[in-house]
Each structure stands twice: as structure tokens, then as C-alpha cells.
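Please read through the structure below; I'll follow up with questions.
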Amino acid sequence: MCRWLAYTGSPVLLEQALISPAHSFIEQSLHSPMGAETTNGDGFGVGWYDKAPEPGIFRSIEPAWNDSNLREVSAHIESGHFFAHVRAAIGSAVQQTNCHPFRHGRWLFMQNGFLADFAQVKRDLTMAIDPSLYPLIAGQADTETLFYLALTLGLEDDPPQAVAKAIGLVEHVGRDHGVEFPFQGTIATTDGERIWAFRYSSEGKSRSLFFSKDLPTLRSMYPQREVLQALGEDTRLIVSEPIGDLPGAWTEMPESSWAVAGGGEDALVSFKPVAP
Amino acid sequence: MCRWLAYTGSPVLLEQALISPAHSFIEQSLHSPMGAETTNGDGFGVGWYDKAPEPGIFRSIEPAWNDSNLREVSAHIESGHFFAHVRAAIGSAVQQTNCHPFRHGRWLFMQNGFLADFAQVKRDLTMAIDPSLYPLIAGQADTETLFYLALTLGLEDDPPQAVAKAIGLVEHVGRDHGVEFPFQGTIATTDGERIWAFRYSSEGKSRSLFFSKDLPTLRSMYPQREVLQALGEDTRLIVSEPIGDLPGAWTEMPESSWAVAGGGEDALVSFKPVAP
Amino acid sequence: MCRWLAYTGSPVLLEQALISPAHSFIEQSLHSPMGAETTNGDGFGVGWYDKAPEPGIFRSIEPAWNDSNLREVSAHIESGHFFAHVRAAIGSAVQQTNCHPFRHGRWLFMQNGFLADFAQVKRDLTMAIDPSLYPLIAGQADTETLFYLALTLGLEDDPPQAVAKAIGLVEHVGRDHGVEFPFQGTIATTDGERIWAFRYSSEGKSRSLFFSKDLPTLRSMYPQREVLQALGEDTRLIVSEPIGDLPGAWTEMPESSWAVAGGGEDALVSFKPVAP
Amino acid sequence: MCRWLAYTGSPVLLEQALISPAHSFIEQSLHSPMGAETTNGDGFGVGWYDKAPEPGIFRSIEPAWNDSNLREVSAHIESGHFFAHVRAAIGSAVQQTNCHPFRHGRWLFMQNGFLADFAQVKRDLTMAIDPSLYPLIAGQADTETLFYLALTLGLEDDPPQAVAKAIGLVEHVGRDHGVEFPFQGTIATTDGERIWAFRYSSEGKSRSLFFSKDLPTLRSMYPQREVLQALGEDTRLIVSEPIGDLPGAWTEMPESSWAVAGGGEDALVSFKPVAP
């Protein structure tokens, strides 16, 4: 369900990450063999940082492969830090407000996965969202609820801990409602400097997630690739499914792990939800 | 804010009520001089009853005057009982799930108006919705919340009382949050047989609402109008703003009143919210 | 490229042909293993006949599997004669006016295929359209041009001959422009009574096309299937790809053939373009 | 019919010209008292120049006042040279390919107005378009045809002459078909450096057009306005209807005139179509 891509590093035109590569992110919206659903045509979103105080977001219910405005905007927006997401919505409403990434202030948040039996647990979960944040909920997507829970539980101060608590709460409420495996998915969130990525599922069989190897390693593997010469040392991509045609350029994130990249940070840590 | 139209009576093609008349409902989506906002281009919806167990709804964020599918469907769907709504959304998200009419089982519900300072009162109001109904909320519109409150408070058993209690709760919660005039609007709801229409506002200056005079009276006023000959005695239209070119054919509903039409019923009663 | 379905026979709710069956037409918009492209998410259209003078059409650029209005309308429109199409548009603009079926008066027309190198041949072909029809062209799809050529060449009088001449002209102009295989595809057209279906390609490797066996045969093959009991003798489906779960219920149309069904007619004839 | 805005000068965020001012361009999409139609909700488009070889265009059929992606993109795209257009389409199809501005290479083109009785004259006009350009026509708008005629007649070499010849041809063909006043409107076209604006109609009663006074004059008129301090000397706006709240800041373009601004040029010249 869904594909996402997170980029941090040298400023590039969005299209260089989303459209130009072989087996590009936009192609994955049409065919992604690695995904739980192979077509992700239920909308897309892009969120990017530049000199403006808040990131811009461009979201649409059109399938990404069709949307000419996405291609136009991608060819003209340059950014050193951005998120992209294509959606496969099984059952839930396809509307702009249910497209990822979600935004709150300088924060973006997106997911490939779901909160199981969301209809059963939704009320308890939304009630746990801070009342000051509740009116900001614009749609009805499970991921948006998860985002606001994470914000309630301290995302802006300690993202890994907040996400651990949010998923912990989801699992606790889920089990109260007889849901066997309440959480599935990979998550990315960012403050515009660092990206935190998470790979976890209650069942222990999580959606795929990969991060690119560091630039020096990639350059030594592929010395003739010009694009790698141009990118700075701190450039990193985190993706649901590898893009491009650079075999060996990607490392799979382990089950139950989280990672941080960007803003000078770089770490891979094991992840465990924190029960309420 | 918005225009709506409710029809009960002889089966007609939807277009005969929505498109054909002078100063038609669809024209009002482009220019409605009587409205608080003169353009109602933020989406539309039609809900109609036929032999199917539940009414059909067709909703879109396209301005009604532009939507060719609406014209096509209106030219081919015949119904003796239907609702139509065009929306002017000041600020709130324009999405299909925020378009009226809202549906629950055989019930439809729509409004011209708003719940004031909805962001402030939303959490308290949605928490008052029955937990079994909460997961059915598909959008974020104030009217949808009001509908589910009315369902929680007994709409299916006693609509006027349920709406009175729902608005009573809205006013109570509103005043708790310092909102001076919590409720504004005209409401229509139906079970597919009878239509209940309400005209009320906390401020006592409500959006406009009119109902057509009974058919015998209209025939005597306009004896040469063929369309009136064809319609059955029980035909009634209730509208935010008169359609057609039959001066004198409409009676304005008084402030703080409710009315029922269809299914053999016909009444106009004074309306007062019931505090919780 | 694309999938289409044509139905003639006992009135049914559109959904009974489009949505309810196993491996339904709408499912094929998401995954159609038999198609040249497996996803047909670039819009859809339905055209149906009822008591109105002209058929209604409902077309949208939303992927068919997502469109709630399509499901609603399909559950409420009953017809004994209709067309449905889901589009995979490789390169060409995804817009409502490029969605099939196309309509002219009481005629509908749709295709699964393409006119090769359309950009090269378009001007010569559109110039061959009768000047009185030229202003009616609403989009830029190759199929729309083919339809107006067929109308120019006598579709309303002798559909098989007109289509043969139209494809003959396409092949002639194509070869003038160095196009090796100018025409690919299956076509359906109807006047509301009879459906003419064509399977042909310049290369001799045409898109797939099947028609259902006659009702008595189907009933003897599947005596317990209630749905078959209810349908009249003259019921016939013609489809790009079989729907439902009735193995053996379908006959493949041969290469270079045309067939007619409905309005009491029933024939399968070999097809050959007629050069200008 | 429609409103447009052209800007050349110091780089600004698009929103500073489109959204921020009092009586902004986006507000004019909802209410423009000066316009032939007061609501321009049938789609919009923005075209802007930056370091990319070709301008970007963002076009949508959503009413401009509703489109959150337009607001997002406008807040993040900075340009010193751009076009914006909001459309009131009386009758013609509302689709993305019929939204202005139209683009060809580095050229953009937009219009407020129409080619009268376009259905009558369309074939003759499109046949006059150079065959190499004909396949590039993506929609069915009269303005798009006019643009390709102007390109055929030398727009890239001598824009005022090409537009004069194109309108001359439109008037000639129109009169052949008994059209009394074949051309109405204001036009803007640009190569990314200079903007040519035209105000002309066959009837001599043209849609409105204004250009801003030069920056030194504006600064002396409004010395305390900070925004004027920041803008460079060569900044110029050309608009269907004045934006902002600077009375006296605008000069109306006379009937039958053309003007050029940007790229160091600045002129106002009388305009007359050139018959074929």
C-alpha cells in the first residue's frame, strides 16, 4: 500500500529524483512489483523545503503518472530536502486531504502501511489527540491521525520516542478492540533538516524500506556516473522501493528499526513501540 | 452560503427541477443574488430515491454549472423524491466528502448555513456522536457532524425533536466556548417519504427558505402552464431561493419554524432548539 | 490499451454488468492481465440508452476503480443497451473529452487500440471529416477522429461499410506518411438497437475481443446460475476481456472480423478495410 | 470573459502578485465587477520563467479561489516574468488543455475574449495553421487556434505583425461566414523577456486592459509603500482589471493599441489587423 521517497542533500530539481531515473518513483505509481498493491494510483503528494518558513505541499487525487502539473512543478522546483508519496487506498476515500505527506508547521509525515481495523479504533485514537490539535485534522486518513498522535506525544522534541509512543498507543487500543496486528508500515517524518524513517509492524512482516549507501561508497561503485559526482557527501535517499539502475546502491532497513539522516546526523537504531 | 432544493411528488427527470426552469437551481450555483455568497461553485450534490433500497448520491467538487456529467445524469434519472445542493465553502476544504447531501441508510441531510467557530466546538460535538456512528464520518464538514448528532439524538424516530436537540447541543457547546451565535441555517432531511425542513438561527436572522404553494392553488394562479397540469397534487418543492418564473408561487418559511411535506403529511410548525 | 464492454438485452442495473461479476469490468481497470497495458486508470466512460431520445454519457478522468459517482450511478441506472470503456492513455491527454464512448445523436462509438503515429496523420484525417461535423470534435483523441470519419463515410446508413472505409482511409494516409501498421484495435458502435463490433489490425495481431454465447447455450452450460435464468434470449455481451466466472461462456472473435448483435440481428462476418 | 495578468520585473513569489494584494487576481476569479462575466471559475493557469529552458505551466479546471495547490505553488515559486489567467468559459469545454496560457517552446500566449462563432470558422482557421504545428494542438479552445495561427504567421520573429495578421485572417474568414464582429479581446504573449499586449475588437468595444505606471512614478505617488521600494525600475504589470489598492497607479490601454514591456523595451503603439 503506497510508495514513498525521502531525499536530503544537494539541491536538485524534484524531477531528478521523481521522474528521470530508470524505474522512477512516478513509474512505481503505475507498476511497483515490490508493493503489496502493484498500482498506486489513488493520489500523490510532494512536500519540499526551500527558503520559505514552511514546506510547500502539492497533493492531488489524480494518478501521479497522469498529472501534467506534477511534471511541470517537478521540472521547476529545486530543493535539497523533500518527501514524495503515491497512494494505493484500499477502501478509504480518495481525496486531497487524505493524501500524504501531511504537514504541521515545519513538519512533514508520511506512511506506507495502515492502522488495522481503523474504523474500530478511530474514535479512541482521535480522542487521544491534544484538543488544540484536533481542529487541524483535515481528512479521515489513519496516517493523519497517527501524525497528530505523534505530535501530541512529543514529535517536535524527540521524534523516535514520540513515534514509539504513538505506535505503542495504536497497539494498545488495537488489542483492546481485538485487533491482532494493529500496526503495519514504514514511516518518514522530518523537520526540514533531519529525516527519521521507521520500519515496523505488529506482525513482524513490514513493508519494504531501503536507504541509499553514502556518496563516497556509491562513487567508488559507479565511478563513471556523472550524477553521483555532482551530489554532495550528505546526500541520502530513503525509499519504499529502489529507484534507478544502480544495483547494490541500496541497503535494506531491518525489521523493527529506525534511522535518521540529514542535518549532519546518520544513525540506524532498533525500534520498539512504547506502551502507554 | 449554499443553495439547496428538495422535491417530493410526481416522478420527474431531475433536470426538470434543476436545469430547465428560468433562474434554475444550476444557474443559482453561478449567480444567486439572494444568497449570502452569490456564487456557489465549491461543489454540488444530488441525492435521489427510486426503487433501490437506498438513495443514490452524486457529488462533485466541480462547480455545478460546469459539470457535464451532472447534466447527463439529470437528463436520465427520474425520481419523485430528491435533494440537490450547491456549495459555497468559505474556508473549509472543498472535497467530495464535504459535499451535501449526506447519507445514512435511507436518510439524506443537507444545510445552507454553518456551525459558527466550528474549529473550537468540533471536538466536543464529535465526541457526542454515538461511537457506533463515529467511524462513518467521511469528511470534516460541520453539516456532517450535525447530521450524525441528529442521528445520535433520534433522527430516525422523531426528526423534528432530534434536530431540535442537535441544534440545542450546538448552541450549548457554542456558548461554553464563547461563541455568540452558534447556529445558522436552513436544514432539510428526509427518509425517502417525507421531507422535514427547518429555518432557524441563533441570531434570529436566518438564511432564506421557501416552499411552493400546493398544486391546486398553483394551477388556479397559472392555468395555462402545462407543467403544472402534469404534476400530482402532492408535489412540493422547498428551496433556498425560488426557481422558475412563477411570481407568487412561493411562500416564505418564517423564522424559527419547521415544516414537513410528502408521504401524505403537510405541516408548518414553530421551531425551538432543545437544550441538553 | 483500454478495455471495453458492450451489452444488449434485458434491462439490468449497470452495476450488474460492470461491478458485481467476478473479475468485473471495474476490476479490469485496475488489473487486466490480458491487456496490452495492465492498468486502465486514465479515465472511463459509460453510455446508456433508455427512453430519452439520446443516450446518456458519463465520463470522467478519475480511475474507474476510485470513482464513487460511477458506483452510485451504476446502482441506479437500468438499461437494456449500454457501452462502457476504461482507458489506458499512453501519452495522449487524459481529459474528459478524450474519454470513450463518443456520442453523435443516437450513436455511440468506442475503441481499444490506436491510430499509429497519429500526430503525423491527424491533419490529413481531420481534413477528410465532413465540414459540417468538424466543429463537433470536442477533444483530440484518435478514436474521436475515426468516429467522425466513419460518420462522414456513412456510418448511419451502413456501419460495417463505413468503418471499413474509415479504416481503409486511415491505412492509406498512414502509408503515405510511412507508417507501417496504421491501424490497431477493436471497435464497437451502436445506434441504440444493434451493436456492431470489429476486430482488425493492419498487422494482423489485434487486441482481444470476445462475445458471450447465446442464452440458451449458457443456461444449459450453467443450469444453476440464477442470473442466467432472468436474462432474455437476446442478451449478448461483447467484451475486450471476459468478465465473471463462467469458463466456456465466451467465444473469441476471429482476427479481421465484424459482428452485429441486438435488435434481432446476429451475425459474424469477415472484415476487410476498403481503400479510398 | 476571463481575467489575465502579466508581470515582468524583479523576481517575486507568484503569490505576491496573485494572492496578497487587495482585490487580488485570485479574488477576481470569484468576483470581478469589471468583467463581462463576473465569475471566472472555469479553470486557471499560470506560466512562469526561471532558469529552466522553457517556462513552467500549471493549469487546472478547479476554480482558482479553491485550489490549494495553486496557493502552495504560488508561495514557493519565484519569478521575474510570468502570466496568470482565470477563465470564464461560456459554453466551451472546461478542460486543462483549454486553459490559458498556452505554451510553445519559450512562448506563452493568453487572451480575454473570443473568436466569434468559432464553430463556423474553426475548420478554415485550423487549416491555415502550418502542418508542422497542427499536431501540437492539444485542446479545442479558440485562443489556442489563434496562438498557432500567430506562430504560423511569424510570432517568433515579429509578434505585433504576426498578431495583426492572425487577427486579420480571423476577421477575413469570419466575414466570409457572415460573422459581424469576428474578434474580441485582449491578448498577451511573451518570449520570456518581453511581453506584448494587445487591445482590439472588431466592434471597437474591447475588453478592459491596464498597465501599471513606471516604478519611479509609483514611488512618488506612494512614497510610504514598502513593496514599491523593493521592486526594480523595470517592473511592469499588465492586467485585465487593476489589482491592489493604489488608485491612479494604472493607465488604461486605448482601444486598438498594442504595447511592449520588459527586456528593456517600453512602447505603446496603435494596432490594426492586417488582412490576408
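Think of it as A, B, C and D in the order they're written, each chain with its own count starting at 1.
The working rule: a residue touches a chain if its C-beta (ideal position, glycine included) is under 8 Å from a C-beta of that chain, and two chains touch if they have at least 3 such contacts.
Computed from a predicted model, the values in this text were never measured in an experiment.
Undergrad: Could you work out how many touching-chain steps separate subunit A from subunit C at minimum?
TA: Minimum number of steps from subunit A to subunit C: 1.
Undergrad: Could you classify the subunit B-subunit C contact as same or different, where same means more than half of all interface residue numbers appear on both copies?
TA: Comparing the two copies, subunit B and subunit C contact each other through largely the same residue numbers, since over half are shared.
Undergrad: When the C-alpha atoms of subunit C and subunit D are each averaged to a single point, how far apart are the two points in Å?
TA: 40
Undergrad: In subunit A, what residues contact two or more other chains?
TA: 96
Undergrad: Tell me, which parts of subunit B touch subunit A in their complex?
TA: 93, 95-97, 118-120, 122-123, 126-127, 131, 134-135, 137-140
Undergrad: Across the complex, what residues on subunit C touch subunit A?
TA: Residues 30-31, 38-39, 41-42, 61-63, 66, 89, 94 of subunit C touch subunit A in their complex.
Undergrad: Okay, in this complex, where on subunit D does subunit A touch?
TA: 48, 50, 52, 56-60, 68-69, 72-73, 75-77, 96
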